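Note that subunit A is present in both complexes that follow, paired respectively with subunit B and with subunit C.
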Partner chain A sequence: MLSHRRFMTTASSRYLPLRALGELSETRYWMYLLLLPSLALILLVIAYPTLYGMAISFREMRLTRPGLDGWVGFKHYVAMWSDPVFWIALKNTVVWVAAAVALELSLGLLAATALNRDLPGTKIFAVLILLPYFLPNVVAGHMWALLLDPRLGVINDLLVRIGVLQSYKAWFADPNTALAATILVEAWHGFPFFALLLLAGLKGIPEDLYKAAAVDGAGLAAQLRLITLPMLKTVIAAAVILRVIGLVNSPDLLLILTGGGPGDATQVLSLYAFQTAYKEFNFGYASALSVVMFVTLMIFAAGYIRISRITKGQGDD
Partner chain B sequence: MIESKRQRRMIANIATYIVLASLTVFCIGPMIWMFLTSLKYEADIVTQTMQYLPSRVTFDNYVAIWTQSGFPRLIGNSLVVTFLTVTVCVVTGTLAAYAFSRFAFRGRDQLMLGYLVVRMFPAVMMIIPLYVVMRGVGLVDSRFGLALAYTSFLLPLFVWMLKGFFDSAPKELESAARIDGSTRLGAMVRIVMPLARNGLVASSVFIAIAAWNEFLFALMLTTGQGSRTWPVGLQLMVGEFQLPWGVLAAGGILSIIPVIVLFAIVQRTMVQGLTAGAIKG
Partner chain C sequence: MATLSIRDVRKSYGSVQVLHGVDIELEDGGFLVLLGPSGCGKSTLLNIIAGLDDTSGGDILIGGRSVLDLAPKDRNIAMVFQSYALYPTMSVARNIGFGLEMRGVGADQRKRAVEDAARMLQISHLLDRRPANLSGGQRQRVAMGRAIVRDPELFLFDEPLSNLDAKLRVEMRTEIKRLHERLGTSIVYVTHDQIEAMTLGTKVAVMKGGYIQQLDDPRTIYERPANMFVASFIGSPAMNFLAGRLVPDSEGVQFQASGVSIVLPTRNRPVDSERPVVLGIRPEELRTVPRNRASIMGEIDVVEPTGPETMVTVQVGEHAIIARLPPRFAGRRKEPICLAVDPASVNLFDPDSGRRIDI
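And now, the complex of A and B:
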């Protein structure tokens, strides 16, 4: 063993630092050394900014008015309570996220069930259906703005042709349809995520269960209710919470499609916080908004996980 | 009885194909429409009667976006930022994923959970302090600064995904190499990493696509031509110059080509990694 190692060292003696590293890898601190770079980076770009951001929410910080500075305690949080836009944004967030997740889950379940039948030629469908998930928000947003455009949108044209609409409609400019239109775009972008996870879940259900159920005379609806949904429970629960977190946190698509308008019809919390920071440079209030959003989301996630019992190890199927 | 069973099967198959075809139209239709729009003259886009297939084809829109708007510069910046992000994630994340996959040590589970939890932090909550901190050290409007900001949400993702791939690489070969006198480092570099090569590529591609597409951080953290990435540039062009639809569509098509190509190459492995990670997590 010893002579062998000496042989190895002479073979690589040109790379002295490498040899030292190799020897270091034999010590019992090796795994900590491996973790060190990523951990340092995460502490630097996540942990520190997060704590700092929470501190900012108790301060006055406006880049446009550098004179205003200093601790203000709970001022921003109190102001939020009587800010009508905050309450509208909160309500819109709930509606937007709930509707988008429900729609994406249904479409994803439909896609996964169809793909799971493994009929000839369905592999190519799987790839094509997955594609929207990887497209950038900026392109997705403008693409749908073009499709739904009040003057030259092809969807308006199609709907008029088949007689659903009398005339072209300005989907994003009408407060009654703006939120629904953005939900449609979000569903297009996000449902492949559900399809992907649910398909993996479906693959884990033994075929025998369905055969046994068919022998007992269970129809397709009964099979879905008695086998598929219960077996998929963990996957659905995990996919839903991941998606809810993603949707609450990312204002990108709404920023591109409507900017929160018309009026505040599509204003959501994350967008409101971002615009408060980006347009008004009111960092204190924007931080307070995002802290409230984060805490609400965490409470929701904790409650949700408790109720749906996604515990460790259970989801390994 | 047998006849009706076969019939029922036939109907179910037809229904499956109808569902798949409709979903595919829903998914791909908008992209095809954007592509067709990018090939039309502006006069054929803004018409009284909708033109479904372009009556005449032009590449003027592509020429316009490439030559008139500083688009190559934006694409170049995006390439640099994406490359830097992937490099940082691969160098630091591979080590961490390996440690999580191969060693049992105190605090391992808590640390892994921590890597998962930081992914839930809202982007807006990170953006403000990151902007203030980076302005303090001169990293606002810098491509490296932006890449560093991207690692805040992509590094944890990369570690989780790659750990799954390392987990499924057999441990026996590694043990054999160790018995033959290879160091832990040697075994990791020469045995495990080649075994998990596909996973490493797929995880890298996944974060490369995410970095390439990212919009919100870039909007806040870049202010000038020097570091602005294409999503921000394209968005600002729409606002500032009333970009014609055809040109905008051409810009969209150009910028998603790398995404589609990369996705097509590694989609199988990437899907495997994504689902394994998400279902376990």
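And now, the complex of A and C:
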């Protein structure tokens, strides 16, 4: 109040714009003034599209039938409840994400542990191991589609030669192998992300802890279980959340490898929403699917953070 | 409790040799201090004793048994690290009992052992806490608790006090000494702090560049250092060095330098001719005397009263020496000062090799 009044009196006696600005910068309103541009930008490019997208889920919006436009309330959500493809996609999403993240985490931990030794050459390997992650999903997808091709795929050829397979196999065409094959491709593509973050985490664990553990008689398994994993808990939790969000939201790899097929064997929510929007041009229903994904992810992240207690800041001092 | 024998232990990393054949024998219940500046190889030697590092040659015997082929956990040792190396995700109680837990000791017995150790170190009230919630001194105690709970044959301390503030360091030093006297377990203790070495060790190995410079009891190391490195490394302020020469004299030999003339008693052999030497005098051996009895004449440069004593820097010829004089010393800058020294307390060194000369 006091500063406000001072601002007023200065302004009324003789108006000096720069001086007034200087006075204002001394008050606590200055902070909000400075935040205003970024706030406006965030509202414009993030909040507005998000809310608009959510609003569409309560409307009919089919580009093929423009006449149907209008508010329909929860119609799409009700329809989703009895949509078998939605339930298949939800189940596939859970399987796909859980299996891929588990594989990527294990592979990443293995790679990070190997790279954490100061042996000659580990620096080069640290870069090489990141290569899959550098590849765009689209490139990685096409590469693996070719490698696993039923007619000329080199992997089929190798497996037949060493006698694992009788004949070439169409991995992505068989409903029994399609999802597993795409999980393996995703694991290959995504494990360097975990390797990188876990390596950074490992570097933060003091060497002395392992020396003390060696003197105390803890073997490698006990060291991993009682020192390494607890100390990496925060990093693992953060990496898993980021990766799960990334996987749930990105349909591109599956779009290229299988397009959700055969049938709906590899259909996941993000791909289903994408196809509903851009193949059937049914934006209302696609938007409702996205909202469900959004809410599910929010619940997952909140629950996961609570379970792994990463907010309590234990493990670091 | 056990003896420790370090026999001709060598260690190289690639072409760099960091330990050049180290030999140390430590008696049962002894307290060996490995003392030296950074990079002298003392920590490497400790890691080799612990089995955390391997040797390039030589042998380590604990209780008369070679341990080189044994893993750290099988050597029956316990180690305290400079960083304390407490497991951050475990409670204090579990930290202390971890070695027992890994050895399959039952929960009840473990609990009793942890409580005993905690009582001895006065940390019973901290057992449920995490290391992150402890002060530096408390962590230090927990690290020691982890070592003593196992009742090993040998304790290894790797600069355990260097992360503590000065006051706490003195307290914990006393604590370690008390612990040693109470438990009677042999200890190997690495430090670069000469006070810790002097106060704690029954045996001190002064190391430099991967060589043992001198291995003796602390008193001998202080009073009769084997060379100029040991002489200058031990003691604060450091020993004064005066370059001069020995001249044969009717009563024995005389040390002469500009402003200095000291008659030294010879014990074994008379000095035949003049030879250049370096004279070493501890600051506390110097005292002020009337002019006619002076053996060192100089000019006061700086007077620093510290309370219990006064440090006086004296310019003698081209040398500056420090004298530790009584608290109420009254001299001032630029005044002449006459000093004397007990001839039996001085040390002579060869100016080329730096080695001690006994006359």
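Rule of thumb we're sticking to: the second predicted complex is superposed on the first by the 269 of 317 C-alpha atoms of A that agree within 3 Å, B and C clash if a C-alpha of one lies under 4 Å from a C-alpha of the other, contacts with A are read in each partner's own complex, and residues count from 1 in each chain.
Keep this in mind: a contact is a pair of C-beta atoms (placed from the backbone, for glycine too) under 8 Å apart; a residue touches a chain by one contact, two chains touch by 3 or more.
Values in this document were obtained by computation on a predicted structure and should not be read as measured data.
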In the superposed arrangement, does A:216 touch subunit B (first), subunit C (second), both or neither?
second
Quick one: classify A:146 as touching subunit B (first), subunit C (second), both or neither.
first
Would you check which partner chain A:56 touches, where first means subunit B only, second means subunit C only, and both and neither mean what they say?
first
By the touch definition at the top of the document, which applies to A:206: first (subunit B), second (subunit C), both, or neither?
second
What's your read, subunit B or subunit C touching more residues of subunit A?
B
Quick one: classify A:305 as touching subunit B (first), subunit C (second), both or neither.
neither
In the superposed arrangement, does A:80 touch subunit B (first), subunit C (second), both or neither?
neither
Touching partner for A:94 - first (subunit B), second (subunit C), both, neither
neither
Residues of subunit A at both interfaces, subunit B in one complex, subunit C in the other:
315-317
What residues of subunit C sit close enough to touch subunit A in their complex?
47, 50-52, 71-73, 77-79, 81-85, 87-90, 98-99, 102-103, 130-132, 146
Which part of subunit A faces subunit B closely enough to touch in the complex?
1, 4-5, 8, 21-26, 30-32, 34-35, 37-39, 41-42, 45-50, 52-53, 56, 61, 107, 110-111, 114-115, 117, 119, 122, 125, 127-132, 134-139, 142-144, 146-147, 151-152, 154, 157, 188, 192, 196-197, 199-201, 220, 235, 238-239, 242, 245, 248-252, 255-256, 270, 273-274, 277-278, 283, 286-287, 289-291, 293-294, 297-298, 301, 315-317
Subunit C partner contacts - residues on subunit A that touch it in the complex
206, 208-209, 211-218, 222, 226-227, 230-231, 233, 314-317
Of all residues in subunit B, which touch subunit A in the complex?
12-13, 16-17, 19-21, 23-24, 26-28, 30-31, 33-34, 37, 45-47, 50, 52, 88, 91-93, 95-96, 98-99, 102-103, 105, 111, 115, 118, 120-133, 148-149, 151-152, 155-156, 159, 180-186, 188, 209, 212-213, 215-216, 219-220, 231, 234-235, 238, 245, 248-249, 252, 255-256, 259-260, 263-264, 267, 271, 274-276, 278-281
